[in-house]
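Below, subunit A partners subunit B and then partners subunit C, in two separate complexes.
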Partner chain A sequence: MAAPMLRWCCPGRRFAFARVGCGSCHRRGPPTGSTSNGKRGQSTVAQQPHITAQKPRKGEREWAAVVGLEIHAQIASNSKLFSGSQVHFAAPPNSLVSFFDASLPGTLPVLNRRCVEAAVMTGLALDCHINRKSLFDRKHYFYADLPAGYQITQQRLPIAVNGSLAYSVSVGRKPSQMVTRTVRVKQIQLEQDSGKSLHDDLRSQTLIDLNRAEGQLRVDANISVHRPGEPLGVRTEVKNLNSARFLARAIDYEIQRQINELENGGEILNETRSFDYKLGCTVPMRDKEGKQDYRFMPEPNLPPLLLYDSGSLPPGADPQQVIDIDRLRERLPELPRVTRERLVRQYGMLPEHSCALLNEVGLLEFFQSVIKETRAEPKKVTSWVLNTFLGFLKQQNLAVSESPVTPSALAELLDLLDRKAISSSAAKQVFEELWRNEGKTPAQIVAEKKLELLQDLEALEQLCRSTLEAHPHVVMDLKRGNPRAINKLIGLVRKATLGRADPTAIKEVLERQLSS
Partner chain B sequence: MVKDGCAHVKPAAATDLSVFLLVTWSLWWQTGHEDHVGPDPPRSESNCLLRVQEVSVALKQGQVTPTELCQRCLSLIKKTKFLNAYITVSEEVALKQAEEAEKRYKKGHSLGDLDGIPIAVKDNFSTSGIETTCASNMLKGYVPPYNATVVQKLLDQGALLMGKTNLDEFAMGSGSTDGIFGPVKNPWSYSKQYREKRKQNSHSENEDSNWLITGGSSGGSAAAVSAFTCFAALGSDTGGSTRNPAAHCGVVGLKPSYGLVSRHGLIPLVNSMDVPGILTRCVDDAATVLGILAGHDPKDSTTIQDPVKPFTLPSLTDVSKLCIGIPKEYLTPELSSEVHSLWSKAANLFESEGAKVIEVSLPHTSYSIVCYHVLCTSEVASNMARFDGLEYGHRCDSSVSTEAMYAATRREGFNDVVRGRILSGNFFLLKENYENYFVKAQKVRRLIANDFVNVFNSGVDVLLTPTTLSEAVPYTEFIKEDNRTRSAQDDIFTQAVNMAGLPAVSVPMALSTQGLPIGLQFIGRAFCDQQLLTVAKWFEKQVQFPVIQLQELMDDCSSVFENEKLASVSLK
Partner chain C sequence: MSVQASPTLFMASASAAVAALSDVITFKRVARLGEDALRRPTGSEMWARAVHLCLRAAARGRRGFTSKADPQGSGRVTGELIQHLERLSLVDFGSQEAVARLEKAIAFADRLRAVNTDGVEPMESVLEDRCLYLRSDNVVEGNCAEELLQNSHRVVEEYFVAPPGNISWSKLDEKQPFPHH
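On to the complex of A and B.
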């Protein structure tokens, strides 16, 4: 769910905010004899659950969980949603605060065109109905980091509604078992971000940063469980989840907690909870004002937001003053679903590999650069990018953009491998060297470390002959009919060549010598 | 600039005031002394010399310098300090601006019609570097870092900012009696016209205790213009706050069309109804100021995009093509017989000059007050939420918890009227009440607006109504009712206009039998402000409203002022 929104996320201050209703019930708990549904639980987000369901108890009926997400994503824009202040990630506190941002009396909001465009494009990407007219509302609550005492949002008539997103997840144990799921998107709304509170418990002070660059993504998850066929359960809201991983863990935990609570005769309170990522559990938040009534009302300082398409565009309209949905549709980049299908078609890639390439920011671009520069097979490139390259990144917790290995270097390495200049194991060694980033090309590393495959057939013949002579009992073993003994010989020869000989070539020579 | 008709009048003994501005300025006082005796005396031709356009010419011709003008207004502000029209007098700023204007005039490039001309601004408009209080403890000491767009536009024209004028706290009121700096006194309380009438009617009462309210909430601005301490003033108008005090103080009060003038920097009461208002001594001046203020402001998304032409008013000679509507619902039992008869007189005047005058109906008028109450308090509750003591303004001493701090800050910062409206508004906005109150009120607002649309579509050009129920009442009388009751009564003719976003102007017509001004209101089609003002100008010319005669007051008060000064000196 978060993925398409994440593509929008850049350090910024605005929130395009998607309220996502859960399309499919999240089934949890073990199957019972009477139900045909034997699937293990899958979260509505494409994440593997981290906690496993309890062991089935006899006669127990299954539980169904319902999850709705409220996703806050910042829009990549130069200035804020309603003011001209700039947006910079990690700027000094309160350095990017306009009079409006500080809610000085008499200041008025002015809508940022870029943010409207981003919201429309998000709506189009999520297959939403784009409302030609949308409205802004004020949502009131007192909090120190909300200087106006209200937040401007789109509660009643948001910019986009009724969308859906299809995505693939792997089910069962094999990653190749991919199924397509769909979530419904209830609405997308433009919303002003609140400020940031920094609590100094020691001095019992709260410091406020009105720059409001809190993070690129924030998700609130609403979760309830019920018995299939019965009414939905009481929901809890887990707030301020800031990564897909924590989101999945929080949801899994909360579902299990609610099941346990209900099975032990307890009840679920309609409450707000937070996720303690260190302990991996959700805890009730201190409810400051009891039940909130946000006293929504229309924002009188912003006229209705009107959008047009090529059919409804008023003649002679100033293009700077109007937003044309059709023109924004033309500007949409290729959507992830289409990209994945193309990868499968174009490179004969497995669907799960196409997913993996898109799940990491910049990985697809890296892959495509390598493909462009190497003669190696796409399958080989895929395997190297997803296994070796991604493995190294994950191990060191780096983003693709931070990789010390460039696409060109990997392409050169794969070329060496492709024309059998080096063995696969040598290639791994070269990759490790490249990762250390000493400014050497793969060819230089191969030459320095003498990793090139033994091309001198005579030398190889010589090595094979001496290996056979040095290990007569293995030869005997082979001649007695143990076919696996040849592998031992091949290993011995490879060791003697310091891994620089192609095992197929060694086998060929050995067989020739043994049969002569 | 001395007009023939008045040139023979010899100035009386030179008092401080009789020479205070131009030779011609003294003339109206003289004519006042000698001619203005009846209840509705004719207005002298020389009066127009108090107008922006005439002074502008005098400045250009070098008959007076901006600094002289400024100093004389400052001196008048001091002399009329007891009126309590100003919260802050920005003397240094004004003198510095005057100096700059003077340099420009010397070089022969003035910035425009307002260059070097003293103006005043209601204390709910943000003024950069000058305290802006909204007459509330909450904003006492608050100095905005920016100018409201309308203030900036006036300054860009070279206008001299004399100071910030008094009001009801956060503009909530109709008397200018409910601010922390105390009530504003109506200059007419001290006019020769009123005093002479009072002498005839009663003999025993203490005159000073019986001063009159200005109306409100822009009473400070109305009093400032009425007492000649400036040539034009900005008010704000949400339900009649500019027109009501204009009527009580005998000046012109214009509420422009919603969306024509930027609200950026106006500390809001009701965003969907607030409009910066203009108070001047004549309709032409209001048009001049409106011409400067009108137009799109990128900082206010509710201002119209279309370019605005300068507002110059033709002198209408023929009203025969005009259709004047008289809304029958405005004939309420509370309307004083005197205002009623002047209203009829005005209608007859139009008719006798050939205009078509017809009775029209605005059927939803009676729902206006209660509808306004719901919408106003709801927006107030929302707009006042930002005053939490954190970023600016008053903050209480308590530091038990953030919530306790909010509560104490807001308790100390707002008066009962403001707190009462916040409470009502929050009640109407509660989830369980929203549909029953706020949504219904919005629907009624639409009906009220449609009433006007229907009337204008039927061929009516301008509506003619009273501005207020009666003339200004004494303060002691006024405070017998609470703010809410007063606001509901006093806004009756003015407030529907704000709901519909229409332009309206109050023009003083005549003095009551008590010698107090009575104004009538003209309401125009949306964005037909120029047409509205053209009709108002014609009317103004016909009625020849008398100039306020304040000489005695000034003399008395200058001695009061001197004594006060001595007292304060001796205390040090």
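On to the complex of A and C.
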């Protein structure tokens, strides 16, 4: 069971909010107790939900919630943290298990270099202090999916500490009302994952698969409430939340539950709870028996992990056996915050747009491909990608990778629009056609459906004149000062042109003709 | 795997003793795990040595085994502590005789306090001066499910079979006949 995991604990700030209908906020929480980490490059702190705080009623004191997150992220590596068996999901049970993973006596852990690099890079990305020396420990508890009886983790001295992550959250109805918040990262540590248990209640047995590599991102939340100025309250742990949405709901529920309990004179038990998705509430977990004592001890089979930087690299050392933090820092990709700022600078887009582009997997790459291939203005591209393209994706619940429209197709369409070969409403029609994925290019669709803008100015003038003559009462209406009459006229001309004339052009011609 | 052969179990239990002494822990009586399935050899000197070292450590703080002149208490191991240790480590003390033996062993190991460790850094592990070997991220093992499953008493379709939760087989067998495969 040596699937590599990274765990990090995020304490947040405290936030005071009034009693009813309040959102939750990520606050500081003492994340002690079980650690588990998964390793994986993609780890995110959950998004802040929409906050609606009501003013406290007169005489009511405020409550403050304190929330800490334990995030288990699996590292994207080929082999496991302490053994050379494969990391792969959905493999036949126990097929990716080595003798060490099965905890056979006489086997020893051997640390995977890639996992250490991943942990360091995650620490650097989250602005942590990287500990040049970190230690491995054993955390003991008995469970069928933990054949050794202990889990190797980093409790005393983890690989990275004291980081932070800044993020944007919308605080109002309008998407432009965004604020920046910061969450503290208490520590990042490497640890083993336990196996997978399938409970068969019918036959009173549990089936154990020691492959691991399941549940690539898991979050446990530690939640407590207290009155500001008073000591922290008793915390509960809500385990195994697998999506940001459920995380938010579980935390909201638990905060409210604790407040209600305390206000009714009850007390909060230091217990572990799980979230019932269907009922939308947290329930105590049966299995836990009081406070766990994990009997931490140093892992006797692993020396301390030493990391170096370019200044401290021992001369003549085998490069395979030393890890240079500075080299890893250079290998870091552009961090999202930097990307967002760059997009705003480079393309003049609003901050909320750059956030939106980064919030959908593959959307930024799509956007950049379109930008590269089209002559249209970046603002137009942004608008089409975020409104039309993303809208269609969401409607059919598709990922960017599943889109029937390629960046080239959209780029071509935007070129046509830019050249004023088609109107924007015609462009929307073409896009719908493209979405049907019948293999036609935008140009072909335009030709087939005769969507080209009327280029012949003479013909347009003719049509306008005849429309004006055919509808004298509308003209009268307009001359009497009804501003909406012009729209009626434009509509009539458009109909006459079979939708192939640009409304602004029509308006211009009509106004010119009317004033003469 | 016998308890005597496993220093790690001793040390693990010892740190439980530390926890028990340095915090005030109130815990409920938990159903004892099935005795037949889990009976182990009773307390040994190695066990006691480790427990004692940690008991001393408890007086100073949780970590390390350096000595400070902190007089230990009476050296009596309370019934509550025994229960706690048994539950955590699955070591069965069985009899009062075993507990007495444990206390004697603690007293014997107490003589380590005679060593002056002022200004000496606690050792983290016997390997602390060694290099930690870093393995390349290649797949070199696994794929031996059949072999591994042979070790298991019960198997269902390539899964190891365990009793539900932390209840031993013997306790379950008492309740209902288990379908044998």
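The rule is simple: the second predicted complex is superposed on the first by the 428 of 516 C-alpha atoms of A that agree within 3 Å, B and C clash if a C-alpha of one lies under 4 Å from a C-alpha of the other, contacts with A are read in each partner's own complex, and residues count from 1 in each chain.
Throughout what follows, a contact is a pair of C-beta atoms (placed from the backbone, for glycine too) under 8 Å apart; a residue touches a chain by one contact, two chains touch by 3 or more.
Because the structure is a prediction, the values reported are computed rather than measured.
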Using the touch definition from the top, say if A:V116 reaches subunit B (first), subunit C (second), both or neither.
second
Considering only touches as defined above, state whether A:P300 meets subunit B (first), subunit C (second), both or neither.
both
One more residue to check, A:Y167. First (subunit B), second (subunit C), both or neither?
neither
Applying the document's definition of touch, where does A:N94 land relative to subunit B and subunit C: first, second, both, or neither?
second
Pick one for A:L135: touches subunit B only (first), subunit C only (second), both, or neither.
second
Given the superposition on chain A, which partner contacts more residues in subunit A: subunit B or subunit C?
C
Is A:L198 touching anything from subunit B or subunit C once the two structures are fitted on A? First, second, both or neither.
second
Once the shared chain is lined up, is A:W435 touching subunit B (first), subunit C (second), both, or neither of them?
neither
Can A:F275 be said to touch subunit B (first), subunit C (second), both, or neither?
neither
Report for A:G106: first if it touches subunit B alone, second if subunit C alone, otherwise both or neither.
first
Can you pull the subunit A residues that subunit B and subunit C both touch?
99, 102, 104-105, 110-111, 138, 140, 142, 144, 150, 206, 208, 289, 293, 295-297, 300-303, 321
In the complex, subunit B residues that touch subunit A:
125-126, 132, 134, 139, 142, 144-146, 148, 263-268, 270-272, 298-302, 305, 378-379, 381-382, 384-388, 390-392, 402-403, 406, 426, 429-431, 434, 438
Subunit C partner, complex, touching residues on subunit A are 77-79, 83-86, 92-99, 101-102, 104-105, 110-116, 135, 138, 140, 142-145, 150, 156, 197-201, 203-210, 287, 289-291, 293, 295-306, 320-321, 323
List of subunit C residues in touch with subunit A within their complex:
1, 8, 11-13, 15-16, 19, 25, 27-28, 30, 63, 84, 88-90, 124-145, 148-149, 151, 154, 156-166, 172, 176, 178-179
Which residues of subunit A touch subunit B in their complex?
99, 102-111, 138, 140, 142, 144, 147-150, 206, 208, 288-289, 293-297, 300-303, 321
